[in-house]
Every structure is written in structure tokens, then in C-alpha cells.
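Note that subunit A is present in both complexes that follow, paired respectively with subunit B and with subunit C.
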Partner chain A sequence: MTLGGVYALIAFTLSVALATTHVLNVAHGTLMVLGAALATLLTRFMGLSLPLSVLGVAGCFALMGLLFDAVFVRPILHKSRETILITSIVATFGLALAMETLLGFYWARWVDPEPSFSLSLPAPHIEVRGIVLSTQRLLIFAYAVVAIGVFHLVLKHTPVGKAARALAQDYEGALIVGVNPRAVSRAIYTLGVSFTAISGAFYVLTVPLDPYQGIWLTLVALIVVVIGGVGSLPGALLGGLLLGMIQALTVFFVGSGWSPIMFLLVLFLILVFRPQGLLGGRR
Partner chain B sequence: MLAVEGLSVFYGDLPALREVSFEVRRGEVVALIGPNGAGKTTTLKVILGLLTPRSGEVSFERKKLGREPSYQRVREGIALVPEGRRIFPDMTVEENLELGAYAVGNHREQVRERLERVYALFPRLYERRRQLAGTFSGGEQQMLAIGRALMSAPKLLMLDEPSLGLAPRVIDALYDHLQALHREGLTILLVEQFVYGALEVADRGYVLERGTIVREGTGSDLLHDDYIQRTYLAL
Partner chain C sequence: MRVWIGWALLLLVLVGLALVPMVLTRDLVTALFFTFIFLTLAANYDVLGGFLRHINLGQGAFFGLAAYATAVVLTRAPWSPKLGALAVWVAVGVAIPLTAIFAALVAYPLFQVRGPYFAVITFGLVLILQQIVLNTSRLSGGSYGVTIPARYYPSLPTAYYAGLALAIGAVLINSFIARSRLGIAFHALRDSEEAAAAIGIDPFRHKQTAMVIASVPSAAAGCIFALFMGHLYMETVLGTDVTLLPVIIAMVGGSGHVLGPVLGAVIVRGLDIGLVYAALPVPNLALYGLMLVGIGLFLPGGIVHVLTRKGR
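Right, the complex of A and B next:
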């Protein structure tokens, strides 16, 4: 169950970007890894407390989001859905490879020759009525639910969220009612990239990451998004929970090596029987 | 109120508009008529800033708009009911209407007030305010698109082929609504292929063919013009 929180956390900002701007950000996972790396740097090597370094990550990556929007999103924002999708995949794939290589190289050279990013909590377990629970996973689950809830409410009920959905549904229609697409995408990517990096920091509370796992994380996120339904944030949560349960059951009954195979099997079944995803609308 | 001077627009090398000039005065209904591909939609898009002209100038309330972005123009009081309505299908009627007020500030009470005015004009929208707009019929979508445009409290309302795809009875109702809005003092620029109806409500009209204006005059003059009767009214 709590493992599902981890998968939902990996996926939800990818889902937001895809649903509002039709950008498939392949560098999504790499941004998570970078977030984890920065958090590790701030806590382990600079001695900041965990909440403080999460704030630091949020700030740095909000700036990164601004830059990402200006370089990768704004130039293609007015193009057709298909063009945006393809251009963004190619461009962000390049970005992912570049960031990954730079991070791997300079971390090994300046910080630690064997790069591994992880964070730890002061109390890894708590006991509730005799049941031992992992604090990290509880924290991650709470974070995922809250963060997804916040994004969901922002998209559903705030002016900027409504404008973002309007742009996604009919770009020219949104221009006609007076939406400024640049302001909307700037808001989405500042918030989105920042949360992506924070998610990376939370992720390494349970499992450490190395610099080269970004693209793998993006793939996992994509599976979650496709299962849950593109554009549906509750779907991302549900997809994450489903994958978490599948993994737990697979590990218990078959063996841990089988879980990627089970993931792909579920993905296959979803694509065949419910291509719009569990909670996805009509497309 | 609106002045268009020497507007030329090209799609690649193809001219869409050549030296088009016309004006809309405060309180008028002006019809822009002409066949498919004459450049009517292009003209409206340039006025709202969705297209950049190669040359020429659009002024609104004596101010040159230059390369001002669309959201700025909506704020200054220009609204468009676009061809094909372009409503947001996966949003409710009320969300669509609220987005109409997006550019002009989001004071809750003001938005409320305007919502009520639109609902008073189109009671059908009120009955279905929680319904997804994509499930609407053509006529209802047209009402919604007009209501959405009115939410920005425009000074100039532009409509692009509002009668397209609607049943004659619905078109009559639509034109009744437009006339009601006009009586309240709204200035209207109406683009139509439904020439008879448009010229009947229009104070003045312009005929656009292959990117240039070939005729202009008062609505009734144009209705009785030989050339127009032969070409557009098939009399």
C-alpha cells in the first residue's frame, strides 16, 4: 500500500505536464535524480536539516523550472499537439542524457567517487499498536497524497488551473478568451519542476539512487500515468497504488525479479482493454 | 471605435487580405459578408491579435494595437465568438463562462453578476450549468460561446459565422438575441455567409471577396444592391 505512494510520487508531475501542455518530459526522472542529489549534498555534506534542504531543493528547482519553460516549452507552445509531443520527447531526451552525464562526472570528481544519493530520517520506524511501520514510507505516502491533492485542487479550482486546462482542451479557444499561454506554462513548470525535484528527495528516503537512473524513473512514471489515465491526477494516485500492490504481491508470491515483467503485463492489459487508463476521460 | 487600415495578410506566399480598410462605429452592427475563403475569419483573427498582419494597422478606441497580444486586447474590450465555437468540451458550462471573464480580472462578485446576466439572456445555460459543454447541441454551444464572450463585458463583440450549422428556427432565436444585445448598446461586428439575415440586422455592411472589399453601404442598400442580390441572395 505505502509502496504505491512511491509510484504515485514518481508519476504525478509528469502527468500534469503531459495533460496541460502536451509535453512529454523525458528528463522528468533525471530531474528527480538531480533533486535527490541536491538534497543529499545539502544534508550530508553541508549539514542542513532535512526540512531546510527540501526547501532549498524547492527554491533551486523552481528557478530550474523557469529556465526549462523558457528553453524547452515556450518555443513550441503554439504548435500542434503532435508536434509538441514529438519535439519535447527528442529535446528532453537530450537534456536528460546531458544532465545525467554531467551529474555523474562531477559528483564522482568533486563529491564522492561512488555516487549514491540517499536521505535518512532520525527515526526510521514507528510502532502503532504493536505494528511496526516504516516512517519513510508513511511520510512519502502522506507527501504524495497531499501534493497530488494540491495539484488537483489548483487545476480544478484556481483561475490559472482552469486556464491551463482550457489551453489543453482548445489552445486557440483559450487565446480567444484572453489566456496568456506563456504565463500559464511558466506557472506550471515552475511549480512542476520544483515538485519533481522534491519528489526525488522524498524518493531516496527509501531507496538510494545513482546518477544514471533518471530515464528508468521516467519509464516507471509513464507506466503509472498510462495505467491511471493521462491527465487524471487521481488516476496517477490509483495507478501508483495498483503498481505498488502488484509489486508487493509479486515479491511475496513469485520473487522480486518478476515485478518489472508484471508491470509490463499490466500495462499491456490496460492498453488492450482500457487504453484511456483507469480514470482517463475520453480522448 | 474600431478602425482597420490597409490590412494585408499572407499565409506563406498566398495573400489572404490585400489592403483591407473598414471601420465600426460605437453602437453599430456591422456585417462583413462574402464567400468562403474571402478572408473574413482572417480579418477577425487579426483584430483579436491571433494573426500578425504583414502590413496595416488595427486601432481600437483611437489606440493603435500594434503587436499587442490577444489577452491584452480582450482586456481592452474586444471579444470574439469564433468559427466552430471553440468551447472547452471537458469543462462544465459554468467553467466555460468563468473562463470568459479570465482576462478581465477575477473579482468573485463581478463574475457572479455577469454570470447572472448571461443566464438571464440564455436561461437554457442556467438549467445546464453543471453539464459538460461537449455534450451540447450546436445551437446550445453557440449560445455558450456567445455567453462566454459576453463574460469579459466587451465593448465590441465579433461573431464569426454564428448561424453555421444551425437550424433556421435556432438562427432566428440567435438573431433575436443579437438584436437584444445591440439595443443594450453593444457594438457588433458580424461575419456571415447567411447574407440575408446579417444585412437585415446590420446598420452597415462590407462585402469581402478574395481578400479585398468590393462593396460597402448601409444594410438595406446592400440588401437591394443588384450585384449582391444576384451573387449572394440568388434572387
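Right, the complex of A and C next:
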């Protein structure tokens, strides 16, 4: 259930980037896995405390976001939507493949022959008036709420956020009134990539990840976007929570291997019976 | 005059390919066989990707489903041992229609979305099949894989010629579509779904038809592949790299052009085989991914479009 918050967050960063720049980042989930890997490296093998390593991840991946924007978004931003889509799928898929292969290969060689990323907290449980709560889950949930709140405030109240929303609503119209898509995409990717990477670090507090789960996580993010309704923030939240709940129930009743199948079944059912998504108005 | 040169070249290439099993080493013939399989899938991908501009990352799902169906019928069905050599045909006869029905059914949810959503959710088909294979080990062998009895294996030349025929068939299907009423309808839908619907072209029916047409040769390729490999693992039949290779081939070569997949297959598979022989210290998949990055960024329209100088 708490994972739902993380799912909602990665769905949200993906869909904001997609709506403003039309670049589909297939490596989105892979960046999340990389974030988890870096956090694991910093805490488990270099002995940093958890907050410090999260800060480290944030800094590194803000740079990574800048780089991603410069290489994968900026050069194609002026092309037609269809070209951007095809280009970005091929290029970022290549990136995802290269990153996950290198990560898996060198982690196995230098760090641990069986790559698996996970973090743990010093105090896994706290007790509030006799009710035992899992600190990890509370922390993840708090993180998701704070991050989504930050994103929401940025989009609603800062100039860059307003420009991003304008681009998402009407790209040409926004250009005419003087919005600079390059500045917006730089901000969106810096923020989006670092939040995605931190999400990875928080995700592995409860569920470990291996190097090859990136593309699946991208798909989860897109499923959340489609289930909730394309372009709807409350929809992404609802979709994320729904998937988190489905995952928890499937793991409990059937087995963890079946949850991807359940995700896609739910997605297909929703697409057939409510193609605009749960909270989507127009498409 | 130029047309004649083209046909003469084509004939030469075909004769050359027909003679290959008698000339080249076993390794290279096998590599060519795989190239035909991937070319078939790439050409099939282009039915949706090229004519309708719906990027279907799940083309490999049809291939994988048919491969597993063939293997499962041959190993698990009670009638298979009694039929002898006929069992192969029965298995293929089950696998191909099954895949076509699967394609027709998944069309209902998939065509509710377009653009990037369609692309990634079609890839979900592959992931769902991966998970089903891993979770139904009694049927599919799970992560241990499933072995087809050796008496059903085709010889290498048989597999090679079947693959060649299939690849030629898939490319021919595309060139027939390009000249037919159906192809014109597809192009109309690609350019504007609303306008096409207004003149009486049912968008969903046509897309569904495209999907089913595209699934059949891929399914046949899956059957041959399964029989040739003998032992199926989830990774070799439904792995991410295997299922996305055809898409990449079509995109590198040039989507929307009959020769695009052919050119892409030659280039991508050439690089692939070259990398295997180069034996570099870095994992091949990583280099492969980096090449994709380069191709995606610098040659988005595919190589055919650079050659024909039409651009985008």
C-alpha cells in the first residue's frame, strides 16, 4: 500500500515530462533503479547515514537530469511530435539497456556477485499508543506525500511550473506567448530525475530491486498514468494507490510473481470499460 | 532500365541466399536463420508501425506465445506422442490460430490508447507473457525452460529455408498491403483518424485487422524458432532484448518503407554478429544500447530515408 505513493510519484514525474516535452523516457524506471543502487552503495558500502546518502543521490541525479536533458531532450525538441516520440523511444530504450547492463555487470564484478539493492533503517518499528507501525512504511509514505506536494507547488506557483503547464495544455500557444521550452525542460528533467532517483532509494527500504527491473518500473509508471487518466494529478495518485493495494493483495493471496499480471489485467479492464481512465475527463 | 537492374540484383541475392547452406559454415547459416526470423518480425512490426504509425513494442509477444504454444503442445498434449511426425503440424496448427485469436482479443484494450501510451502498454504484453511463463512452471517449465523431444527437430537447412520463405513472405505481405485498398485505408487512418472515420473507414476494425495480419507470420516464426532451438527459456524467447530487436531493426532501417526492415536486419544483425566475434571486455548489450542511442539521436527516420533523400 505504501508503495502506491512511490508509484504515484514516478508516474507523476514521467507524465509531467511527457506532457511538456513529448519525450517518452523509457529509461525512467532505470534511473530509479540507479538511484537505489547509488543509495545502497553509499550507505551499505561506504557507511554514510541514510539522510546523507539521500542527499548524495539527489545531487548526483540532479546533474544526471541536466545531462539527460542536454543529450536526449534538447537536440530533438524542435522536431515534430511524432519524430520526438520515435527518437526518444529508440534512444532512451538504448540508454536503459546500456545502463542496466553496465550496472548489472560491474556491480556483480566489483561489489556483489548477486546484485540486489536494498536499504534498512536503524529502527524498523515504532510504537504509538500500543500500535506497532513500520517506520519504513511511514517514511516512504511521508516522502511520497512531501515530494508530490513539492511538485504540485512548483507546478502551481512558480514561473517555470506555470510555463510547464502552459506547454502541456497548448504547446504552440505557449510558444507564441513567449514560453521557452528549453528552460522548462531543463527544470523538469533536473527535478524529475532527481526525485525519481530518490524514489528508488525509498522504494528499496521495503522491496529490494535488481538491476534489470527498470523497464518494468517505467511500465508501472505508465500504467498508473493511464489508469488514473492521462494528465490528471489526482488520477495519478489514485492510480498509484490502487496499484500499491493490488500488489499488496496479490502478494498476500496468490504470490508475488502474479502482481505484474494483475497490474496489466486491471489496466486492460479499465481500458476496455473506461478508456479515459478513472479520473480522466477528456483525451 | 533501372527497374531491370533492381530485379536482377534481387534475383542474384535470392539465388545467393538459396545456396548459402551448401557454402557457409554452420554458425553463419544459423546466424542467417536468426536474421530471417527477426526480419519476419520486423516486417510484421511495420504493418502497424509503418502503415498506421502505431509503435507496437509488443510484436515479440506473438512470437513468444506461438513458440511456447508449439513447445507446450508437443510436450504436454496427450495426443502428441501418438501422432509421430504429424504432431509438429498439429502443434503449429494450434499455435498460429491461437496467436491470431490472442492478437484479435488484445486489440480491444490496446487500441483504446495512442502514441506513447500505446507503445509502452504493448510492451506490457511481453512482460505479462514473461510472468505467466515464470508462474506456470507445470505447463511451461517456468524458469527451467521446456524441452521439445529431439525427434521433432528440423535439420538446419530445413529451418533455414523455412525462415527464408517466411521472411520473404512477410516482406511480400507488406508490399501487397502497400498497393491494396487496405494499405490506402491504413494511410488514411494514420494521417487523420477522424477524417478517415468520416468517409466510412472503421478505425478499430482496420487496426484490429492490421494486428491480426501482423501476428500470423510472427507466430509462424515462433513455431520454427521453437522447433529449431529445441529448448525454450523465457529469456531466449520472450526476453527484453529478443522482443525489442525487431522494432529496432524496423526503426534503424526505416519504418514505413517496404525495404526498411530488410536493410535494418542486415545492419543490426551484422553489428550483432560482429560484436559476438569481437569479444570485447564490455557486455555486448551495453554497446548495443549505446548504438541505439546514437541511431535514435542521429538517424531518427531510419537509413532508408537517408538513402532515398526524402527525409521526414
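Just so we're on the same page, the second predicted complex is superposed on the first by the 267 of 283 C-alpha atoms of A that agree within 3 Å, B and C clash if a C-alpha of one lies under 4 Å from a C-alpha of the other, contacts with A are read in each partner's own complex, and residues count from 1 in each chain.
Simple rule for what comes next: a contact is a pair of C-beta atoms (placed from the backbone, for glycine too) under 8 Å apart; a residue touches a chain by one contact, two chains touch by 3 or more.
The model shown is predicted, which means the values in this text are computed figures rather than measured ones.
Visitor: With subunit A superposed, do subunit B and subunit C clash or fit?
Guide: fit
Visitor: In the superposed model, does subunit B or subunit C contact more residues of subunit A?
Guide: C
Visitor: With the two structures laid over each other on chain A, which partner does A:Ala39 touch: subunit B (first), subunit C (second), both, or neither?
Guide: In the superposition, A:Ala39 contacts neither subunit B nor subunit C.
Visitor: In the superposed arrangement, which partner chain does A:Leu243 touch: subunit B (first), subunit C (second), both, or neither?
Guide: In the superposition, A:Leu243 touches no partner, neither subunit B nor subunit C.
Visitor: Would you check which partner chain A:Lys162 touches, where first means subunit B only, second means subunit C only, and both and neither mean what they say?
Guide: Only subunit B; A:Lys162 stays clear of subunit C.
Visitor: For A:Leu271, select first, second, both or neither according to whether it touches subunit B, subunit C, the two together, or no partner.
Guide: second
Visitor: Return, as a multiple of 10 degrees, the angle whose vertex is the Cα centre of subunit A and whose sides reach the Cα centres of subunit B and subunit C.
Guide: 90
Visitor: Quick one: classify A:Gly173 as touching subunit B (first), subunit C (second), both or neither.
Guide: first
Visitor: One more residue to check, A:Val16. First (subunit B), second (subunit C), both or neither?
Guide: neither
Visitor: Please give the least Cα distance, whole angstrom, that subunit B and subunit C reach in the superposed model.
Guide: 11
Visitor: In their complex, what parts of subunit A are in touch with subunit C?
Guide: Subunit A reaches subunit C through residues 18, 22, 24, 26, 71-72, 75-76, 79-80, 82-83, 85-99, 101-102, 105, 212, 215-216, 218-219, 222-223, 225-226, 230, 255, 257-258, 260-261, 264, 267-269, 271-272, 275.
Visitor: Where on subunit A is subunit B touching in the complex?
Guide: For this pair, the touching residues of subunit A are 159, 162-163, 165-166, 169-170, 172-180, 281.
Visitor: If we count contacts the way the header does, which residues on subunit C are in touch with subunit A in the complex?
Guide: The contact residues of subunit C facing subunit A are 53, 55, 57, 106, 108-110, 112-113, 115-117, 119-121, 123-125, 127-128, 131-132, 134-135, 240-241, 244, 248, 251, 255, 282-283, 285-297, 300-301, 312.
Visitor: Per the contact definition, I'd like the list of subunit B residues that touch subunit A in the complex.
Guide: Within the complex, subunit B touches subunit A at residues 48, 50, 69-71, 73-75, 80, 82, 86-91, 95, 98-100, 102-104, 106, 148, 152.
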